[in-house]
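Next, two complexes with subunit A in common: one pairs it with subunit B, the other with subunit C.
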Partner chain A sequence: MNLIKTPKIPVTVLTGFLGSGKTTLLNRILTEQHGQKIAVIENEFGEVGIDNDLVIDAEEEIFEMNNGCICCTVRGDLIRILGQLMRRKDRFDHILIETTGLADPGPVIQTFFVDEEMQDHLDLDGVVTMVDAGHILLHLDESSEAQEQIAFADVIVLNKIDLVESDQLDELEKRIRRLNAAARIHRVENASVPVREVVGVGGFDMTRGLEIDPDLLVPGYPFEWLGVYELEPGRHSLVFDQDPDPSVNVLVLPVDSATDEAVDRRLREATIAFSDRTEPLGADDSIRPDGGLAGVALATGGTSVAIDIKQAGSYAVFTEHGAEELGLQLLSADGQLVKPAVDRQIAPDHEHDDTVSSVGIEADGELDPERLNEWLGTLLREKGQDIFRSKGVLAIAGMEERYVFQGVHMLMDGQSDRPWGSDERTNRLIFIGRNLDRIELEGGFNSCLT
Partner chain B sequence: MNLFGQRRSNRVELARVKSWATELLDLGPDDSLTANELACDEPDCPPHETVILLARSGEATVQAKVPKPAVDIDRSDLQRALEEKGLIPQ
Partner chain C sequence: MPDVAGLQTRIEITTTHETEDWVNQVSWAPDGSEVYAACADGAVLAVPARGDGGIREVHRHEGAATCLSISPDGVIASGGHDGTVRVDGRTTRLGEGDWIERVTWRPDGGRIAAACGRSVYLLGVDGTPEAESSPLGATVTCLAWHPKGVNVAAGSYGGVKVLRGRDGTLATELPWKGSVLELTVSPDGRRLAHGNQDSTVHFWDIAKKRELHMWGYETKVRELAWRHDGRFLATGGGSSITIWDFSGKGPEGSRPLELDQHAAPVSWLGFRPANRMLASVAGDGMLVLWETRASGPVVSAVAFDEPLSVASWSPDGKRIAVGGTGGTVGICEVLEA
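Now for the complex of A and B:
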C-alpha cells in the first residue's frame, strides 16, 4: 500500500482568438522567473518561439464518444500527450494547454472527466481566456466560438486595453459579464497579467466559494415593464402608439398601494400569470384587473384598449415590452393623461443578442434530494449540449454539509463539502450556456425546494 | 445520474480493465488508454456501460465499449469487445 499521496499536477487551459495575445502570454510564462516548471502543450499553429523541451506540439484530434444518451466530445491527442507526460511528471510542476484560436474549449475540458486515473494524477485548474479588447466585439457578433470561449472561462484576460477608451471597456466588461457571470476579469496591456493570476486559479475546485456577479442573480421576469397607477372607478384607456410586434401581452393586478414594496409582493403572481395562456382581446373587450393575461393586437398607427376599474385604488400594469418601446400611455375616463406612480423597466434593453448567457440562482431554503436529482439529471440529459458549465453550492434537506457540484456539458460531479455550521443555508448555483431560459431554470429549481 | 445515491469508487475495477486492455492490445509506452463507466436511466440505453478510448501513438483514437459496469466485466468480455471493433484478431 502506498501511503504517500503523490501531489497532482495542475492543468490550465488557455483559449483565445488569434491575435488575442496567447502567444505573448505563453512566451512570458516560459521565460519569466516564477519558480515553476511549466509544460506547454501548444496547438499545431502555435508560435511559441522558445526552444524548450517542455513545449509539446499537439495536432487537435476531436473524438466524439456516443454512449446511449450521453454524448461527450474529447481530444484524442490530449489523451496520448497527457498519458506520456504522466510518465515523466517529476520534470514539471504545471501543465498549460493552448487551444487553437477557433477552438471550443469543451472537448479539452471533457478529456479530464473520462478517466479516473488521469484525475488521480492531474488536477484541472482552470480555463483562461485571452480577449483582444480592440476586436472582441466584432468576434462576439460574428462567431459563436468567441462567445463559448468566454462562457467556459474561469479567468478572462482583457488584453490590449490601451487600444480602447475606458467607457468602451466598461461596456465591454458588462457584455462579458452577461456571458459569464462567474469568471474573474483582469484588464491588461501587452498580456502582462501576473502568472499567479492564470495558473493555480482553482476554477474546478468544487470546495471554493462560488462568486457570481450579483446583477446576474436578479430573477428573470417574462415582462419588461410595470407601472403602478392610482385609478378612480370608470373606463380608462391604455394607448399604444407603437407596434413593435403584432400583439403584446398585458396584465393588470390590483396592489395595496402605489409603492415599489406593494408591487414587489405581486411579482411572483404576475410571473405565473404570464406563463398562462393569453386571452386575445376582442375589439369590444376591456382589460379587467385580475382578469388574466390579455393579448392586445397592435395596429399600425396606434391602438387603444379599455381598462374597466370598479373600485378606486392602486393598479399595476405589466407589459411584455417596455413602455417606451410600445409608446404606452394611460388616459383616465375623462381623457386626462395619468402618470404612473411607479415606473419600472424590468429587463434592460439588450443591445446585443448573444445566444450565450449566464443564469445565476440564489435562494434560501432546502432542496429535496430526489426532486433535485430528477431535475438536474433531466436538465443535463436534455439540455447538456447547450450548458457549457454549471456550478453550485446547495443546501440539501437532511444533510449537514454543503453539497457542491460542477458540470461540463452532460458530465457532472458532486460531493458533500464542509458543514454549514452557523452560515445561512443558501443555495447558489450558476449555469453558463447557449439559449438558457432563466424562467424555466428558476422554475425547475424552485420546484426542488422543500 | 444519481447525485446523492451511494457512490462507490470503481477505480480499482477500471484499473483492472485497463490493465487487461494493455495486455490484450499489446500497448507500447507511447500509447494511452482511458476507461470510464457511464450510467444512464433512459429506457433505450444500457444502465451501465464501460467505455474505453484507445489513443495509440500516430493513430486516430478509437472507442470500444462493454455494456456492463466495470465490476462485472471479465477478461473475455473485454476481449470480445476489442475483437468486435477489430482492435485485436479474433
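Now for the complex of A and C:
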C-alpha cells in the first residue's frame, strides 16, 4: 500500500469572555483567509452570526477519563465531531474551535493529547485568548476562568485598547505576563490583530523555540538572607534572639573570599542544598561548615548553636529567614561579635494576588535522564491538577539532540528534536499554573542537574 | 507476508469501485446482488456485487452520510450530519443541528431505531417517528437491538440504557463511568459488551447485572464482533485482535487469544456467518481472514491501496465487501480449499 501521509489539519482554539471580540476576530479570519476551507465549531449559541458555510454548533460534553493513574477531562463532543470532520475528502485547511468565556480550556486541549485518532490527523496549532482590555481586570479579580484562559494561551489578544489609558495598559500587560510568561501578547483595537499572528502560530509545535519573558527567569531563592564572614579556627556560635518559626533552616558553606562575586558562585549549590532533607540539630550537635542543611529548633528566649571551624577562611551563612527577623548574630570562640563582610537580604519570590503564575527556569548544564523522569513524572502526577501548561527544551546527558516536551495538566508529550551541534547546551522550561512554588520547582529541577 | 499455512481457504479481490469519499459503512443487499456504502461526502451508493455495472446513487445527505442499515426485505435506511434519516426515498428530520449517529433496523425489519443527539427515536417502516426516548446523559454514540427485537440498547458517556423497542421507555440501566463508543449484544441476548474511549472493554450479564472490565488495549475500542454461537467475542482497539472466550466460567481470569498481523489499528471485525472464521480490516489496507485458533491463525490476506475503514460479510458468508478511507469499495470472494 502506498502510505501517503495526508497532512494534518491545524486546529486553533479561540477563547475569551463574551464581548471580548471573539466573533469579530473569527469573522476576520474567515474573510481574510478566503480560498481556504475553514470549519468552525462553536459552543456559544445565538451570538453574532458567523459567515461561513461550515459552522457546527456543539453542546459542550465534558468526559472524565481514567487511564491508569492519570485522570483528566476531555471534550466528548469534540472527539465525536472532529473524528467525523477529518474523514471528509474536501479536507478543511483549518479548524477553529470557539469556546465560551466560561469554558475551561483544559479539557479542549487535553482532548488532543488523549485521542490517538486525533493525534494522527489533527495538529493543535494554538490557543488564542481574546481579552477585553476594559473589563479584564474585573474578570481577573472575580473569576478563576479568566485567569485560566490567560494561563492556557499561546497568543493573547489585548483588544479594545482604545478604551484604556496607556499606563493602565502597561500595568495590565504586566499582570498578564505574570500569569503567563510564554504567550505572545498583541495590543489591538477592534480585534485587528494580523491573522498570521493568531492562525498558524505553532504554539503546540514542540520544535519551535520556547520564548519566556526574561523577567520571569530571575531565580527565586529558598533563603532570605546570606552573610559572609572571615572566621578563625575554633568553635563559633550562631545566636538567634527571635523565634518567628519553631525552626529555621541554616546552611554554612566555605567561599573563596568574602566578596559578592565569590558568594554568587555558590548560589546554585546553596539552592540545591536547600532542597535536601534537613538534618535536625540536636543540643550537642554543631553546624558543619560543609553545606549540610541544618534545621535549628528555635526556643523562646533565644537559641545558640555551635559552628566548628577547622580552617581559617571565608564562610557564607544562608538562612531561611532574614537575619533581622531572626535576631541573628555570630560570635567568635571568645564571645566577640563577628560582623559579616557581605550582608545581603534576598528578596522573597515575587508576590501578587493572582493564584495563577508562571515559573520560568533557565539553567546551563545537563540533566540526568532518570532523575528528570522521576522528578517530572512525580510533579505532574501530584501537582498536575494545578499545572495548566508546561513546556521545555532540555539538554539531557548523553543525548545529542535537544529534548522538547509539552504538557497539559498531567498529560505530557516529549520527543527528541534537532541536535545541539555547536550551540551551548542549556535548559529552558516553564510552568504555568495555580499556586506554583518557584523555589520547590527550581529545587526539584536543580536536583536533576548532573 | 502472512504465514499462510498450506492449501486452504483463501480470499481474492474480485472487483473494486472508486467512490468520492471516505466510506463510513458498507452493507449487503439480502440477496447479495448489491453492496450499499455510506460515504463522508453524503452519498449513499449502491455498488454492484458482481460484474462491471456502474455505481448508483441511492440518495444523498447534506454533510456526511454516517450510517446505514438494510432490512431483511432490502429497504435501505441511512442517517447523516443533516439530522435526517432516509428510508427508501423518504426523508425524516430528527435533529436541528444534531447529527444522526446510528440507524439500525430491528432484526425482523419491523422498526428502525435511530440515535440523534441525546435521544433514541423509534421509526416505523416508512421512517415515521413513532416514539422517542427520554434524553440520555450525553450524545448517544451507539445502538444495538436485542436479537429478538424486544429491546434496543443505547450507549453514551455514562453507560448503556436498554430501552423498550415498543415505546423507548427504559427497561434496564447499565451504568458505567466512562465514554461508551460501541456496543454489541450476544446472539442469545444475555450478554452485552461495550468498547470505550479509555481503551477498555466492558462486559455485562444483562439480567444478573454482573459486569467485567477488560483493560490494556492500545487505542479506544470501537470494533466488537460476536461469533454466531456467542462463544467468542472478537475485539479491536489497536493493531492486535483480542478474542475472549465466553464458554464455561467465561472470560474472567482467562487468557484471551491474540491475533497479530495488522501493521495499523484494526477498523472492523466480523465473524463469518455460521462459521468460526473471522475477518478483519485495518489502517494498513489489509483484509485478513483468520482461523480463531492459537496455531497458524492467518488463513488468507489481501492488500488494498488505501487504509480500510469498514467491511461487511455477505449474508451467505461467501463474500466480503470492504470500504476505504479514500473511497474504494472492494468486493472479495472467499474461495474454499
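Observations, loosely collected:
Operating definition for what follows: the second predicted complex is superposed on the first by the 304 of 450 C-alpha atoms of A that agree within 3 Å, B and C clash if a C-alpha of one lies under 4 Å from a C-alpha of the other, contacts with A are read in each partner's own complex, and residues count from 1 in each chain.
Keep in mind that, in the parts below, a contact is a pair of C-beta atoms (placed from the backbone, for glycine too) under 8 Å apart; a residue touches a chain by one contact, two chains touch by 3 or more.
Here the structure is a predicted model, which is why all the values come from computation and not from measurement.
Bringing the complexes onto one copy of subunit A puts subunit B in a clash with subunit C.
In the superposition on chain A, contact of A:Phe63 is made with both subunit B and subunit C.
In the superposed pair of complexes, A:Arg381 makes contact with subunit B only, with no contact to subunit C.
In the superposed model, A:Met412 lies in contact with subunit B only, and not with subunit C.
When the two complexes are overlaid on their common chain A, residue A:Asp115 makes contact with subunit B and with subunit C alike. With both structures placed on the common chain, the touch criterion links A:Glu165 to neither subunit B nor subunit C. Looking at the shared chain after the overlay, A:Asn373 reaches subunit B, while subunit C stays out of its contact range. Considering which of subunit B and subunit C touches more of subunit A, the answer is B.
Shared-chain residue A:Arg80: touches subunit B and subunit C both. Look at A:Lys89: by the touch rule set out above, it reaches subunit C but stays clear of subunit B. Looking at subunit A, you'll find residues 61, 63, 65, 67, 74, 76-77, 79-80, 84, 87, 115-117 touch subunit B in one structure and subunit C in the other.
Per the touch definition, subunit A reaches subunit C in the complex via residues 1-2, 56-57, 59, 61, 63-67, 74, 76-77, 79-80, 84, 87-90, 115-117. Across the interface of their complex, subunit A is touched by residues 20-22, 24, 40-41, 64, 66, 81, 97, 99, 101, 138-139, 141, 157, 177-179, 197-199, 219-220, 265, 284-285, 303-307, 325-327 of subunit C. Per the touch definition, subunit B reaches subunit A in the complex via residues 1-4, 9-11, 14-15, 18, 29-36, 38, 40-42, 44-46, 49, 51, 53, 55-57, 60-61, 63, 65.
Within the complex formed with subunit B, the subunit A residues making contact are 61, 63, 65, 67-70, 74, 76-77, 79-80, 82-84, 87, 113-118, 120, 369, 372-373, 376-377, 380-381, 396, 403, 405, 412, 414.
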